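Next up is a structure, given as structure tokens.
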Amino acid sequence: MDAVLGQLYAGLSLGSVLLLIALGLTLTFGQMGVINMAHGEFLMAGAYTAFVVQQVIGGAGSAMLIALPLAFLVGGLLGVLLETTLISRLYHRPLDTLLVTWGVSLMLQQLARDVFGAPAVEVRAPEWLRGNIEVLGVPFTTGRLFIVVLAVGAVAVLSAVLRFTSLGRRIRAVVQSRGLAETSGINSRRTDRVTFFVGSGLAGIAGVALTLIASTQPYMGQTYIVDAFLVVVAGGIGQVRGAVLAAFGLGVLQALFAYSQSVSTAKVLLLVCVIAFLQLRPQGLFSVRTRSLV
Amino acid sequence: MPKLRRRHVGATLTAAALVLGTTACGSRVDDTGEASAAGRAESCVDTSGDSVRIGLLNSMSGTMSISETTVRRSLELAVEEVNADGGVLGKQLEVVTEDGASEPTVFAERATKLIQSDCVAAVFGGWTSSSRKAMLPVFESNDALLFYPVQYEGLEASQNIFYTGATTNQQIIPALDYLKDELGVTSLHLVGSDYVFPRTANAIIKAYAEEHGIEIVGEDYEPLGSTEGIQTIVNRVQGSGADAVFNTLNGDSNVSFFAQYANVGLDAEAMPVLSVSIAEEEVPGIGVEKLEGQYTAWNYYQTVDTPENEEFVAAFKEAYGDDAVTSDPMEAAYTSVYLWKGMVEAAGSFDVADVQAAADGVGFDAPEGPVTVNGDNHHIAKTALIGRVNAEGLIDTVWSSDGPIDPDPCLEGYDWAAGMDKDETYC
Amino acid sequence: MREDYLEIRGLRVSFDGFVAVDGVDLTVLQGDLRFLIGPNGAGKTTLVDAVTGLAPATGSATFDGIQLLGKKEHQIARAGVGRTFQTASVFDQLTVLQNLDIAAGARRRRRSLLRARGAVPGSVQLAMETTGLTGLQDRPAGELAHGQKQWLEIGMLLVQNATVLFLDEPVAGMSAEERRQTGELLRRVRRDHVVVVVEHDMEFLRAYADSVTVLAAGTVLAEGTYAQVQADPRVQEIYLGPGSQGPGSQGPRHQAVR
Amino acid sequence: MTRRWAGSASVLSGYLVAAVILFGAAPVLLSDFRLRLLAQFLCVAMVAVGIGLAWGSGGMLTLGQGLFFGLGAYIMAIHLQLSDAGPAGRPAFMVTGSGLPWWWELFRNPVTAVLGIIAVPALLALLLGLGVFRRRVKGAYFAILSQASAAAFALLLISQQNTVGGSNGLSNFRQFFGFALSDPVNRRMLYFIAAGVLIAMVAAVHQLRRSRYGELLTAVRDGEERVRFLGYDPALVKVLAYVVAAVFAAVGGALFVPIVGIISPSNVGVVPSIGFLIGVAVGGRATLLGPVLGSLAVSYAGSTLSENVESLWIYLQGLLFVLVVAFLPGGIGSLGAALRGRRRAVGDVPGRSAGHGPPGRPLVDGGGPERAPAGARSGGV
């Protein structure tokens, strides 16, 4: 029982990490058809933001709180920079954005290496994010709990924005039909930029969260990007609820496989599951009925 | 028109086939019986001038560059010292550097280049087992010399490689002795990265444990560079109730492992972790407070109290800044240059065969203490040290073996290892 | 000569609860140039989609005794039912000849696919002559004028050996002269094909339609000759009446389903 | 017609030049070391030829060719290990393993090994391709799935320490079908084999491209939905190109093993799989020779530049990807044509203008593959 509960929690926390990364991806993928391989490097930028903030102000507790919004800003600005300089030229060639952003990600990794050095740097977790809360004899580590909360919060805020604000309505309109949205007076170019900002900003936040459980080093983004894309594909493009279900589903599945088999086998099984799943639902869990995407 | 074109394509292919056909076939394995005897390239090492070339082959890019950059630095430091001291056999060492790019095939390619194009007398470098395995056939078929500076899984003894890091009986087995005798451990959980060193080390540990009545309560592997399964692994470790953890995780997985380990409320008191792949330079990235009090097994620490080490650390800090730390692989690399120098001078020649013949018994007062080359298996006798991480992030020696331990890469001196599968080429 | 006909009975298409086509019956005979009209959202294109396999539907649509519903697009095409699209969708990178050759080739034996094309196949030659594209055979389709692209599409239908042709707004965006030529082309084609044209252009309709079916809100509102349909008060009310869309109006191309 | 003539003439002279360089000049001018390196590059170029067909002509961006490269390489490596070990022998590396896995035995025989190198990847590609293309998974979905499959394959290999050497992979081969690998004459023979195979592959793709199938493949790339309504099943059309690309990658991998002397999971994962694409993009994905030449140039640049200025090559690699894909989707070869095209058609859509490539074959503009004809699924109700 303990073991099952512990593994469910492991799955939940892994799912939260994947969700934080995949949320931004699914937004940009859904709205613009852009596959941003540099998304992982925005995550890395967020993690290094946390490191820099900690170096500057020292106190780990306040540093984490300052780093979160700052990392959102850093990730977002990097995203907008990428969008305006390169991606905006490639909207009609989605597969090419994949390759171009891969090139960007290579350069960003090397840049991080040259600036911060190759070895991992330490971002100390604040006092209140160390240790655990024990429930039913299972230790729920507060650091991972924080990530779960962060992910749930991000989903809540994002859903609220999409549903209730005019920005959200614009985004949904563009996702469903770019042409129609444009003819009804929505500046889709500006909406794209805002979406990219938000999506990349979320990666920045995910980066800060990752410093609690993983090492902060130039290649950290690469470790997660493939899994995050699997979440996007399984969830259905442009679907927040799909991403949520897919992230937690894949997270829990992986944790259970890892417990019963081994960690490596778990990842292989996971991929097999996703391919099998796409046989049943090629559009992912949820799909938007659009006339532009065939 | 299409016909014309097809005919030309056909002509090209025929030409290709002709060229293939007329190429005289080289020796067949059956012809000579022994493949390696055939057509070995002649050495092109030039020792006529007042300098001689050596190659430094380390990963300066890619994931392994984190560790290998520091090895490169200590190699360069040693070469500088040797040159300042008059060189080897009166010849200055001229360094040719290459990047292994954390990629075994690149190691093989660059090793070939160093031997065949740059005509170096010896190559120093490599870190991962896969890089060594990739280079091994290159050095054997070209009959050249590689000095490999990292502790590894043993069970190999090529005549063209000198292994200046520890083999398993100089690191893993003393660590197990320590856990059993000094800490009274009766059950162990094995945690490692998913690659050859942890898997082989754990095979040895399991054989040892069976002989000495230690229970292995769990064995988990995390893919290299990954952190996603760490939470599951720590869950399992905590649930296993083991007396101690034997940790062969490599690199960044350690960061995640120790953070999670501390967060679920485990520490060195509750369940000590003995790591064999965490050295001084990894400590800051993991976090000193998470590691404090945990154990490591090596043959050298920065805190080792010998006059040679005092000089080594001082020279290193002078060259690379006060924050620079020294570690076991760095020291082993530094030592390897001096050992080669000793062998060449004992042989009075740079020739590979002469150096191999003169290698046995060549010694050096290394920073870690006295070391001696074993001419049979090309490993070196060295002292095992168990250490604990202190509050400054350095490692203090808490136990050491009685003097240097003779290298035994094939574990021939251990009855309990007799049943293990071994590489018949070398063991 | 055998008379082919397309027979649709009780066709129903719904998307997420919205019924786009609601119990349509339609019979089109060979030699009859049938026009399908109706206001935006009437279900014209959806009907074509359903019969050609793009939209899942219930009911029945048979041609030559073969049930078309439930088959995959390429199987329906092989059964002899072809279509064009509102936006000309020819292969821009390929030449006119290549476009037609591909359209003509679905029944070729697999092995012949691996060889290069030797001489121009007769059916392709004929189609180029019929559509007036002979002189342009080596021109990439992407470089053709708008009208020429539409003709190329029709040509592709012809060489495809389709007996039932669905044409979705074939004259949209064409000049008057191009429309006339297209109309003549359709007249030539109808003799040995079942032809259904979805069209908004009333002038064109009046000039070339043999018969007209009016759809509204997913059902058949009226059917008959142009004059009969025009005289129908219900049709006038929803479509041709004063104040509604005049002749030639095409309406927006992309209407939302919901 | 004249354009066709010009095209065939230039392609023809390309063959001749390639044959002269590969069989004549290179072996004479290059040292053994450089020749070995060139042979290694030729193996990578074989993968590129396949990608050129699948991606350039067929629009399938396959980010997982490492999977097939690895399959071919590992089968070859297993065979070489077994021949080294002698009849009924066991390869030396299996130090912690218990016994020889049964599937190793399949590749002990040289004939079954060669068949396996072709058949295993072909079958896998057929199954994967049918599963994916039948369900109309394409574009980005397909790219991501193929990438994930390469990642999973690498992980699987790493976790199989006992059977395929784990992260160390397989190495230390002594012979190639009975010929000693330490003999420079035999190494030269390996180079000639690689060169011959590469030229044969280019010729095969050449024939495919000018065949009706090639035209059909391009049609599927530019309008998969439209092709369906002409009575073809696009899944079958795509699967063939995908299988051919897989087999080419596998053969490249199989020859890579004796030439380089090692195969390990780091040669098959995500990074090397994308690495195969750089050369194809640089050389011009939709041209016949672009993928080969681009791949060779990129391999050479990578090897030369990183020999001493390590980080520079990483930046340059990234920059190449960005500049070529974003601004020259037709590859370097289309640079001149792109400039001319831009001058000629001022009002042209950016990105499309790069489409007019070398004479003879229509060259894809970068936008072609993914842009389905808008009409295919649109239209009012």
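Each chain carries a letter (A, B, C and D) given by its place in the written order, and its residues are counted from 1.
By our rule, a residue touches a chain if its C-beta (ideal position, glycine included) is under 8 Å from a C-beta of that chain, and two chains touch if they have at least 3 such contacts.
Which protein is which chain? UniProt says A = Urea ABC transporter, permease protein UrtB; B = Urea ABC transporter, substrate binding protein UrtA.
It should be emphasised that the depicted structure is a prediction, and the values quoted were computed from it without experimental measurement.
Peer 1: Could you tell me which chains make contact with subunit A and subunit B both?
Peer 2: Correct list: D.
Peer 1: Quick one: which chain's Cα centre is the longest way from subunit D's?
Peer 2: Result for max centroid distance from subunit D is chain C.
Peer 1: Which chain would you call central, comparing Cα centres to the global Cα centre?
Peer 2: Here the chain at the core of the arrangement is D.
Peer 1: More C-beta pairs touching across which pair, B-D or C-D?
Peer 2: Answer by contact count: B-D.
Peer 1: Quick one: report the Å distance separating subunit A from subunit D, using the average Cα coordinate of each chain.
Peer 2: Inter-chain centre distance comes to 31 Å.
Peer 1: Can you give the whole-Å distance between the Cα centres of subunit C and subunit D?
Peer 2: Subunit C and subunit D have C-alpha centres separated by 42 Å.
Peer 1: Using the average of all C-alpha atoms in each chain as its centre, how far is it in Å between subunit A and subunit C?
Peer 2: Centre-to-centre distance between subunit A and subunit C: 46 Å.
Peer 1: Could you say which residues in subunit A touch two or more other chains, in rising order?
Peer 2: 262, 264, 267, 291
Peer 1: Mind pulling the subunit C residues that touch 2 or more other chains?
Peer 2: Answer for subunit C, listing residues that touch two or more other chains: 116, 252, 254, 257.
Peer 1: Could you pull out the residues of subunit B that touch at least 2 other chains?
Peer 2: 2, 194, 221, 223
Peer 1: In their shared complex, at which residues does subunit B touch subunit D?
Peer 2: The contact residues of subunit B facing subunit D are 1-2, 5, 8-9, 12-13, 15-17, 19-20, 23-30, 32, 35-36, 38-41, 60-61, 97-99, 101-105, 108-110, 112-113, 116-117, 128-130, 133-134, 136-138, 141, 155, 194-196, 199-200, 203, 221, 223-224, 420-425.
Peer 1: Show which residues of subunit D lie in contact with subunit A when the two form their complex.
Peer 2: It is residues 61, 63, 128, 131-132, 135-137, 139-141, 143-145, 147-149, 151-152, 155-156, 158-159, 224-225, 270, 274, 277, 281, 311, 314-315, 317-322, 325-326, 329, 349-351, 366-367, 369-372, 374, 376-378 of subunit D that touch subunit A.
Peer 1: Can you tell me which positions in subunit D touch subunit C when the two form their complex?
Peer 2: Against subunit C, subunit D makes touches at 1, 207-208, 210-213, 215-216, 218-219, 222-223, 225-234, 355, 362, 364-365, 368, 373-381.
Peer 1: Please name which positions on subunit A make contact with subunit D in the complex.
Peer 2: Per the stated touch rule, the residues are 29, 33, 35, 86, 89-90, 92-96, 98-100, 102-107, 109-110, 113-114, 222, 226, 229-230, 232-233, 262, 264-265, 267-268, 270-272, 274-275, 278-279, 282, 291-292, 294.
Peer 1: If we count contacts the way the header does, which residues on subunit C are in touch with subunit D in the complex?
Peer 2: My answer: residues 20, 40-46, 49, 52-54, 72-74, 77-78, 82-83, 85-95, 98-99, 101-103, 105-108, 112-117, 138, 140, 156, 160, 168, 251-255, 257.
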